[in-house]
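I'd like to ask some things about the structure below.
Chain naming follows the written order as A, B, C and D, and within any one chain the residues start at number 1.
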Amino acid sequence: MGHRVGIVGFRGYSGEDLIRLLSPRPEMELFLMEHRADSQDRARPRGYTGPARIPCTAEALRASGIDVVFLATPADVSMDLTPWILEAGAKVIDLSGAFRLGTAENYRRWYKEEHTQAALLQQAVYGLPEFHREKIRAARLLSNPGCYPTAANLAIAPLVEAGIVDRGAGVVCDAKSGVSGAGRKPSLKTSYCEVTENFSAYSLLDHRHVPEVLRNSGLDEAEFSFTAHLLPLDRGILETIYFRTLNISSADEIVAIYEKRYAGEPFVRIYNPGQVPDLRAIQRTNFCDIGVQWNEGRAVVVSAIDNLVKGAAGQAIQNMNLMLGLPEEAGLL
Amino acid sequence: MGHRVGIVGFRGYSGEDLIRLLSPRPEMELFLMEHRADSQDRARPRGYTGPARIPCTAEALRASGIDVVFLATPADVSMDLTPWILEAGAKVIDLSGAFRLGTAENYRRWYKEEHTQAALLQQAVYGLPEFHREKIRAARLLSNPGCYPTAANLAIAPLVEAGIVDRGAGVVCDAKSGVSGAGRKPSLKTSYCEVTENFSAYSLLDHRHVPEVLRNSGLDEAEFSFTAHLLPLDRGILETIYFRTLNISSADEIVAIYEKRYAGEPFVRIYNPGQVPDLRAIQRTNFCDIGVQWNEGRAVVVSAIDNLVKGAAGQAIQNMNLMLGLPEEAGLL
Amino acid sequence: MGHRVGIVGFRGYSGEDLIRLLSPRPEMELFLMEHRADSQDRARPRGYTGPARIPCTAEALRASGIDVVFLATPADVSMDLTPWILEAGAKVIDLSGAFRLGTAENYRRWYKEEHTQAALLQQAVYGLPEFHREKIRAARLLSNPGCYPTAANLAIAPLVEAGIVDRGAGVVCDAKSGVSGAGRKPSLKTSYCEVTENFSAYSLLDHRHVPEVLRNSGLDEAEFSFTAHLLPLDRGILETIYFRTLNISSADEIVAIYEKRYAGEPFVRIYNPGQVPDLRAIQRTNFCDIGVQWNEGRAVVVSAIDNLVKGAAGQAIQNMNLMLGLPEEAGLL
Amino acid sequence: MGHRVGIVGFRGYSGEDLIRLLSPRPEMELFLMEHRADSQDRARPRGYTGPARIPCTAEALRASGIDVVFLATPADVSMDLTPWILEAGAKVIDLSGAFRLGTAENYRRWYKEEHTQAALLQQAVYGLPEFHREKIRAARLLSNPGCYPTAANLAIAPLVEAGIVDRGAGVVCDAKSGVSGAGRKPSLKTSYCEVTENFSAYSLLDHRHVPEVLRNSGLDEAEFSFTAHLLPLDRGILETIYFRTLNISSADEIVAIYEKRYAGEPFVRIYNPGQVPDLRAIQRTNFCDIGVQWNEGRAVVVSAIDNLVKGAAGQAIQNMNLMLGLPEEAGLL
């Protein structure tokens, strides 16, 4: 038996990756839900027929018998659409930041806007399967994690949990992302001539993804220094994480902690001590790759994901698989 | 009155930038000293005549009346050439790592090779003008700083000196460099298809530039965590430096420390609190640009230079200007 | 029932794409044949196990029961290996230029070297399925076409055949390729800093791929002007082809010729008049996309392929599918 | 004696290059004329003071005593501003397409808009110094050539003039440009993720720069096939030009024609037969570099310029030098 799946925001980069990953699956029927045609369709060869297109309305949703809707939309659009989609009986997987923080207050602080659907925050499940798998299976409103926090939490949380992080000295997360993380809407900051042969830091110590890391890693705000950077490339996130260690005397011991924590996890891969992933290792895959170096009390962890896959569309599909009772890896390996 | 200047290693990227920066100066006569023709000359239009070419010998050096020789060569070549060039009466400005560390022991530890000219280490002057200007004026053997340490020391040293760095919690320097820093010799790591759309960390916690930072910043090894990364771009270094502050309650106070320390310095520029340089701001210039953010005891400093200019050829010319009694900024602004 | 497939040159870019495309197919068992370990293996996560590795010998070939061997090797290596592989009973799919030209004389002229296996030239089948499908099915030595000629022949041959090309005025093929076409071996020409932000023409009017176009398109040498260019990107070929038309009064008529010629072809796609493909349309696919513009007797055709897929590994697998009696599209859509 | 120079459109890429090239000249006083602040100023270090800013009004123009105004603006803005600037007594150097074609009818055909200042077309001088130097000296309204036509005309016109082009067989100009040619205004087509690792053809056979080539090269429309392409890089144009030759039996003869035609020209450089320029050879310079290959009646010419320098700001300054009676090369070598 198949599943009927809707996508809003299908022209954006995350939307395109949802189509790329879902199209080859025979058990999935896709519906592209036209919300605002703010971006042009790409030129296509003769005879091309993509997935069906329907209006983004409750009627069309019901008529198409859609089970689950991916929202690859800005947070304000997600807040507008979620209530009536849920009411129409479909599950929602939201890729925006709308439902990632637990309270309207926290949302206001970090997103500098009012939350218009505060009542839904309680029921939203944070979709990091390696940490919340059971809740995800039962979710009706799934909040897909941010790209930076996915790479950060998978790297940091097991070590905090294991008690080897000297939290008093603080944890530094120096994060670098490709340009597709900023979305497809044209802007000066993401124009070719501004980005090529350039590299820049932004959101120093106040990125809106910080609270997602605090909520899931166990760190306090005063313990965590995060800065984002824009890489001159299309896709990929690499985070270099620094901390001082307690009760550790080699990189091997840190690798062992990861191996134990992630045993059986299909999408987290650990490297041998002293080896670290580059972006090539994870581009166009749903893997989060993690490597470690250690030297006399100082540790460095490198965590890498594809921001559009494990950082967006891929993890969203991993969550969908769980929510629909399908094999978690389906369509992702 | 003019000066006669030799360049060994003129086909490398630092060598090319030496030619680019020195050629327009009417008071300079350039001599390209053919050491090993390991790289091809570029195709040139008809009628092109570059600087004169001479053999890399003591005879040719004397015959040409050369005052100062730039060595844009690997460390082992610099160690071979330096003794006879000094003996022939010319000053040496060495762009390699051969003479940057104070002792042969330190060199062995970080460069994993024996130093063959240990006797010269004592007289080598470390060419960071903002810190050693007077010694540089008198130098006969000038050791030009590494690219990473230049950006790091200019950013870190004034703050350690001012006592605002919580050294117990450690200083993190997350450094990113363009590919030209690896030189012009072909290698798999610097091949186009391996670098484009990729990003990688290397030399985690054990980069050979670390001891240059320790020597000049006042930090101890256990206090300093440094990791280098390879950016998919040609030229530029950006370092993001994290530490916890003592006795500081705003970014403005840190900016004030820099402004005071670098008052009158022609090649260090400070940004307003919360603003930071990108690589575009400094490419093809001899500037080191520094910006700061601060939040409740946590500080981030961004320091940016062009690795081939302030990180190599430009700083070498700044040193030459001092050594020859010329205006320090000549040919660099 | 499965097939056992060997790959020589598996560390090169074409070799990597062969592995990428063949690995997911359950009916294929791969053997990486270690010929010369001239390039390093990539860093891999713990637990990674790639395909089996065997020596590149007749014994190992027989012991593994290999049916077909891909040679992703330089022409001279292909000439060395082909005789004993055929003798050991396996079919050969050679991705080099060794067996593409019909005679040893032609090889000498364009490759500036002697052909050491002239006796095999007669039995080699040129693997452009859209033109030689039946011969390919029966081939024991398959010569996989060059990347440039694949894009050129698919675009030019149907039009020459249809008699609409004014051959007297000549056909211009301005070809641009990504850097991976030059292989993985490091060289100055393919170094990152030489390629980024640069663009250059090479092999003006004398590229060694020209005779492959002449053999298959029906053009004479004096009628065909071909120049190659190096694009600052990893993968993709785009050729812009110019000619004067006979008996044509619109782009639609040219589109109709292509549509008729390629009806039912799984890997050639035609665009509406005035629309043309970019590289994004075909990267990582086995498609050749073709678009046309026409204006008062002058026509322009744009033909685009991925040089590593339809221009190398993908077309080689398409040929393998035919040679093994498998569905032609298997593993390629 | 100094000159006072205004720039409208100073935040665009051509505007930035005007500032970059004019700022170091002590005899020039710059005024940035604020027309529409549609783009943001870049972040600058503390203490940065750029050129003076004045409103874009006749009053401010007169009050500042400005001699000449550069219009680095879209064509419609140039048409709006030119009349009152001329009336206020300043000369105009317009970098847009507004005044490049001789008639309003021609403008309507190629720019698909009405010309609002047709009366000024007659007095506009086309600023290609190698062909119209004397008229340029006397110009009050200078129309700076398009980037594509500059590279094309310098390469084609001397050969048509010399009678070696077989015009009946047609001339093909396959042109490739960096992204900065499209200006600084954000658009999907020039967004980083759309351009990187991509390459595309546009304006096939109907680019608006075509009539500039026809006017200056001596070719008829039916003889000239031009297609533009977008390169994934910031700056540079390379055009590959194909034609069949008459009365020529070697590349040397073509080189000789260029050498004779451009003897004494400061900004045109010719290569030895068989050698051609790449973009690196001309980036950030005002040179047009030309190389030739020939083979049995077929010729290929490669012509390369920096689209922002010889293709825009540099040529505009070359024209300004002529109009103000300054040395033509001032500030450009």
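We adopt the following convention: contacts are C-beta pairs under 8 Å (C-beta built on N, C-alpha and C of every residue); 3 or more make two chains touch, one makes a residue touch a chain.
Because the structure is predicted, anything quoted here is derived from the model rather than measured.
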| item | value |
| --- | --- |
| Chain pair with the higher count of C-beta pairs in contact (A-B, B-C) | A-B |
| Relative to chain B, chain with the most remote C-alpha centre | C |
| Distance from the mean Cα position of chain C to that of chain A, given in whole angstrom | 38 |
| Chain centre separation (chain A, chain B; CA means) in Å | 39 |
| Chain B-chain C separation of Cα centroids, rounded to whole Å | 45 |
| Shared-contact residues (touching 2 or more other chains) in chain C | 194, 196-197, 232-234, 276, 278, 280 |
| Chain B - residues contacting chain A, complex | 168-170, 172, 174, 176, 178, 194, 196-201, 204-206, 222, 225, 227, 229, 231-236, 238, 240, 242, 244, 274, 276, 278-280, 283, 293-298, 300, 302 |
| Interfacial residue positions of chain C with respect to chain B in the complex | 13, 39-40, 179-180, 184, 186-188, 190-197, 232-234 |
| Touching residues (chain side chain B, partner chain D) in the complex | 42-48, 196-197, 255, 259, 269-272, 275-278, 280-281, 287, 289 |
